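Dropping the structures in below, format is structure tokens.
Heads up, the next two complexes both have subunit A, just with different partners, subunit B and then subunit C.
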Partner chain A sequence: MKRIVLISLALLLLSLLFAWGLLFYPMDSRLPSGASLEAPSGEHWLGTDNLGIDIFAQVSSGFFHSLSIGLATALTAFLIGGALGVAAGYAGGRTDLLVEFLINLFLSVPQLPIMIVAGAFFGQSSLNIICIIAAFSWAPIAKQVRARTMSLRKSGYLVLAKSYGGRLWYLFKTHMSRDILPLLAISALAVTGRAIVQESSLAFLGLSDPLAKSWGLMIARCTAFKGIYFTNFWTWWLLPPVLALVLSTLLLRLLTRALESYWLEKE
Partner chain B sequence: MKKKKLLSLLLIICLALSLLGGCQSHVNAPELSGEESGGGAESPYAVETLKLAGGTDWGTPSPYLNVSRGPGQAKMRLVFASLLEKDERGDLPWLAESWSFEGNDYTFTLFRGLSFHDGEPLTTEDVAFTIDYFRQYPPVTNTLGVGESFIIDSYSILDDYTITITVKEADADTLSNLGSFVILPKHIWEKVEDPYTYNVPDCLVGSGAYMCTGYESATGSYEFTAYTGWVNGQQAAQRILFVPVSDELLAFENGEIDIASMPADLKDKYMNDPEIGFVEKADDMGYKMLINFERLPDFLDISLRRGVYAAIDRQSIVDNVFRGMGSVGSAGYVPESSLFYNEDVVKYDYDPEAAKDALGDGGFEISLLTDDSADGISIAEIVKNGLEAAGMEVTVVAVDSAGRDDRINTGDYDFAIVGNGGWGNNPPSYMRTLFSDSSKYLSTSPASMGPRGYSNEEMTALAEGQLKETDFEKRKAMFQELELLVSEEIPLIVLANQSSYSMYRQDYYDGWMKTYAYQQAEQNRLSYMAR
Partner chain C sequence: MKKKILLLLCSFAVIYLVNFTIPRLMPGDPFDYQSAAAGEESSTEMTEELKEYLRSYYGLDKPFFTQLWENIKANLRGDLGYSIHYKKAVSALLLERLPWTALIMFSALALSLILGTSLALLGLRRKKLEGGLYALLSLLGELPHFLVGILLLFLVAARVDWLPLSGAVTAFGIYYSEWDWIEDVLLHALLPVAAMTLVTAPGFYFTARASFLSILERPYILAAKAKGLKEGRIRRHYIFRNALPPIVARFFLSVGSAIGGTMLVENVFAYPGLGTVMREAVKYRDYPLIQGVFLLSTLLVLLSLFAADLINAAGDRRRGESL
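Now for the complex of A and B:
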């Protein structure tokens, strides 16, 4: 429990810092506010990029860009994975066979190449990125939820409630959600972290909105700058988005793990 | 037991065979290099290999399959030779040993002993065949014109080495155009009915100083090997390799490639290094923005185009994207450093207020097409910021450069940013294909393509007229008049010109050169010849 609080606190602090950067920091994340490639200073905390746009403002805005894509993806995967998992686990029979087939299909195909092709095909927008990542994130959730539902289905209280005429939604709401929702929530949190990395990868490969202020794009544009490693520009242009990406996904992952073990212990 | 023994024997045999097979598949390549390294003192070549940055697929280096951009053409022109070549001062013999002209008749005499890469002799029959073939099937890079505007009227073969080509109307560029079409082997192409899909090894049997001995489209790798049957001079390298690299500069530092472009921020580091040599390309790369008037006829109103100029902070493209190495583009198109530049062209200043007045009420929502290179996207960002501040709504669409070119060729864009080299060419013959209504290349390369849905008679008259003028000063004056008109009428928006340097290790090879007409050392054939 203590670990969960600590990690959540660290995540909250990180979010507050970036929220401050987004709302109160005087520099714009889209428009130039200084000269090209200014080193960090009191005015520009983390310096500026080649177009003179403040790096801290971009990293802050990137946090919410990445986080919102991560959360939207997680929510989509949560809904699809949860619904299909419960339906398959509860209904059994043909529905189960079909869902199981879909789950295995999405788990077995190589994700990144298909994401790249889909990204290139459907075009560069945040919505497309969310759909593509969500399409590859619901399967593991559905698999876990399905297994859980199957084991619940046979429990006495559920059989009884069903024999009294309880419909699926009623049964889920009153008897199953207590067991399934924490599992769903933890899986969705894991998806958030993974989605942030995947979004950055797709952005790095040029498959997102080309001017979005996302970490993946910041990294891509910095590494494409000619001779960057022979100058010291990378120390303030490349490191901040890389560190922000590592730190936020690491914290999310740690939080997921902590919640998982807490839940298992509680059980 | 016996069975087991038999099985293991079989396995051993299989293994041995596969090893042998493995060796065999490598026989061809190392044999070449063995010859090179052993050659040492006797080798006729200045260097064994010249390595350049590859990684981009510029198409099969054949006249019908190369990509219609400088790097694609240059590779094709290593394999296929033309009648003449250019050096720092003027025209040089290439396949033709000598030439003369009188009126509309141009007579070329070929070198003795010329041959194609398969050993078949190259004669005037092949030159004549190529003319007929190109008339029927225009190649990717076509200096002879298409259909009605095919510049050659007839030819007569005097003997195996001498041919007289009669043009419809001789002008200032005729010799250059006749001198630069590449010669195809008649014995191969006379059987080919669809050259645009003819992609078998035979299509690489060329007439040039180098043979294409390796090409892999997926990795953008090329290998060219000196053709021993070449008679006009000696190649400088036995092999030229275009190798895929992830970072050009790191590859240059590690000796993986022999020439690279110098980043502006490292000018001091390399300029002070006595071992490094440079080829300067002044204002040679340029970026322009095309407006598709067919889609946005409102912009035929000149006040809107002036508004676009006023909206874009073009100096920041030079300062921030080119890191100071370049200049704001002249609205007359020809860059300031050219001898054909007209000082009196209209200059448009960055004026956000004026831009807002001109564009603010239009409620324009446009998409801005660019390539997905770092520079392309940065420039698009500056343009978008400027246009949005003036009240337009801009969505940037970035695709790879070939995709961008395709979309421009088919007119699938609102505004499009195009970057290309060759702006420093002298004379600025690109002005004709850009601004003459009758010579616009509407479906080849956006680099020399005129604005869609725009026409101007006066501009056409000047762009075509300069061609007929053989007096240098008069021709220059016509170009300058055209520039002035272009700057006043704004058929397209000139963004900025980038200067750059190619750098190389002088002690390894210092034959890199630029011609009087073309500044890209890596793309000039003479850079690969001993001189």
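Now for the complex of A and C:
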């Protein structure tokens, strides 16, 4: 429990810092506000990039871009995975066979190549990126929920409630949600972290929304800058987005782990 | 087992169909991009007649199922089409690039297997070390491959003289012997493989550790100890050998994520494998090439999944006999 609070606190601090950077920091994340490639100073906390745009402002807005993509993806995956998992686990028979096949199919396709294919073909808006990542994140959730529902289905109270004529939605609401929702929520949180990484991978390959200030795009632009290896520009241009990305995914992952073990202990 | 094979065949059929359909649903056309593809400023645009001619030349104006059937027939002959951007047969291009990707991926996986298993063995012997190792590796395993690659590139390769920054061999390099060439290739592969290994090894550590711990609880270990066998002998012959199948199965299960990681890491180091060719293909909307890369990687992953199933089944059978 203590660990959960600590990690959540760290995440909160991080998002407060970036919220401050987004709302009150005087520099703009889209327009140049200084000379090209200025070193960090009091005015530009983390310096500027080759176009003279402030890095801290970019990293701050990148945080919310990544987080919103991650959360939207997680929500979509949560809904699809939860619905299919419960339906398959509860109905059994042909529905189950079909869903099981779909789960196995989506788990066996190599993720990145198909996301590159889909990302390239369906255009590069943020909405498309969310749909694509969600399409390849729901399967593990559905697998877990399905197994859980199948074990619940045989429990006495569900059989009884069903024999009284309870419909699936009612049964889920009153008898299954307490067991399944925490599992779903934890898996969805795991998806958030993974989606942030996947979005930045796609952005790094030049496949995300080119107008959004995402971390992956910053990294891609910096590494593509000619002669970047022979200067020290990368210390303030490359490291902030890389470290922000590493830190936020690690914190999310740790939070997921802590919640998982807390929930397992409680059972 | 039969069910597994059926599942794999069905999966492949679905993926093949999707792979065939997606490019035909997307907006845009390779001929819209061709004039810009040469990389030079040119404002020439193709006339509608020329585009029509090219479409029929590449067979893109035929009905869907005719195209599908012709595609299957051609693929079975080993013909994956003709790359519109590279102006080269896709199969030849893939054969040229696949060895580089395979080199990076399989050496990274093999190294991860060795490293992860040895660390797990070490942790078994030294309990004090294990706590720190566990925490460190569980963090390391969560990092994205390409970020580790970028960090290695900037923190290591850019600082030392003897490590190359990009490519698979020195451009216009002159070699006095085969060893020179091999040395050059290994030097270029070092950082990409290191980036992959750092992220992949933790997974092997956890699998190996779990496998060792489950073997330790078996009655035959107790029996071996009761017989007074030496620690080393128990570790080698009783624990290590029986714990191996899940670890080897993980090697094949990891191919799916490793191939994605390799593609990204290749782009970090401008390594001439499938990942860089995929990026180029996407940039120029080169349908046949994208389809080819995707088909090849999917085939590779499905075959590895099948191999993992075989190993797991064999392991189960052995365990069944031993009980």
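Keep this in mind: the second predicted complex is superposed on the first by the 267 of 267 C-alpha atoms of A that agree within 3 Å, B and C clash if a C-alpha of one lies under 4 Å from a C-alpha of the other, contacts with A are read in each partner's own complex, and residues count from 1 in each chain.
Note that in this section a contact is a pair of C-beta atoms (placed from the backbone, for glycine too) under 8 Å apart; a residue touches a chain by one contact, two chains touch by 3 or more.
Just so it is clear, the structure is predicted and the values come from calculations on it, not from any experiment.
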(message) Contact-wise, after the overlay, does A:109 reach subunit B, subunit C, both or neither (first, second, both, neither)?
(response) second
(message) Contacts for A:206 in the overlay, against subunit B (first) and subunit C (second): which applies, first, second, both or neither?
(response) both
(request) Using the touch definition from the top, say if A:153 reaches subunit B (first), subunit C (second), both or neither. (result) neither
(message) Tell me the contact category for A:225 with respect to subunit B and subunit C: first, second, both or neither.
(response) first
(request) Please tell me which partner, subunit B or subunit C, touches more residues of subunit A. (result) C
(message) Which partner chains sit in contact with A:36 here, subunit B, subunit C, both or neither? Use first/second/both/neither.
(response) first
(request) In the overlay, answer first, second, both or neither for which of subunit B and subunit C A:162 touches. (result) neither
(message) Which partner chains sit in contact with A:117 here, subunit B, subunit C, both or neither? Use first/second/both/neither.
(response) second
(request) Once the structures are superposed on A, label A:51 by its partner contacts, choosing first (subunit B), second (subunit C), both or neither. (result) first
(request) Starting from the residues of subunit A touching subunit B, keep only those that also touch subunit C in the other complex, and list them. (result) 206, 229-230
(request) Using the touch definition up top, name the residues of subunit B that touch subunit A in the complex. (result) 247-250, 261, 263-266, 269, 316, 319-321, 323, 370, 372-374, 377-378, 380-382, 384-385, 396-398
(message) Show me the residue ranges of subunit C that touch subunit A in the complex, using the header's touch definition.
(response) 7-8, 10-11, 14-15, 19, 22-23, 25-27, 138-139, 142-144, 146-147, 150-151, 153-154, 157-158, 165, 256-257, 259-261, 263-264, 267-268, 278-279, 282-283, 285, 290, 293-294, 297-298, 301-302, 305
(request) Name, in rising order, each residue of subunit A that touches subunit C in their complex. (result) 101, 104-105, 108-114, 116-123, 193, 197, 200-201, 204-207, 219, 223, 229-230, 234, 238, 242, 245-246, 249-250, 253, 257
(message) Going by the contact rule set out above, which residues of subunit A touch subunit B in the complex?
(response) 30-32, 36, 50-52, 124, 206, 209-211, 221, 224-227, 229-231, 233
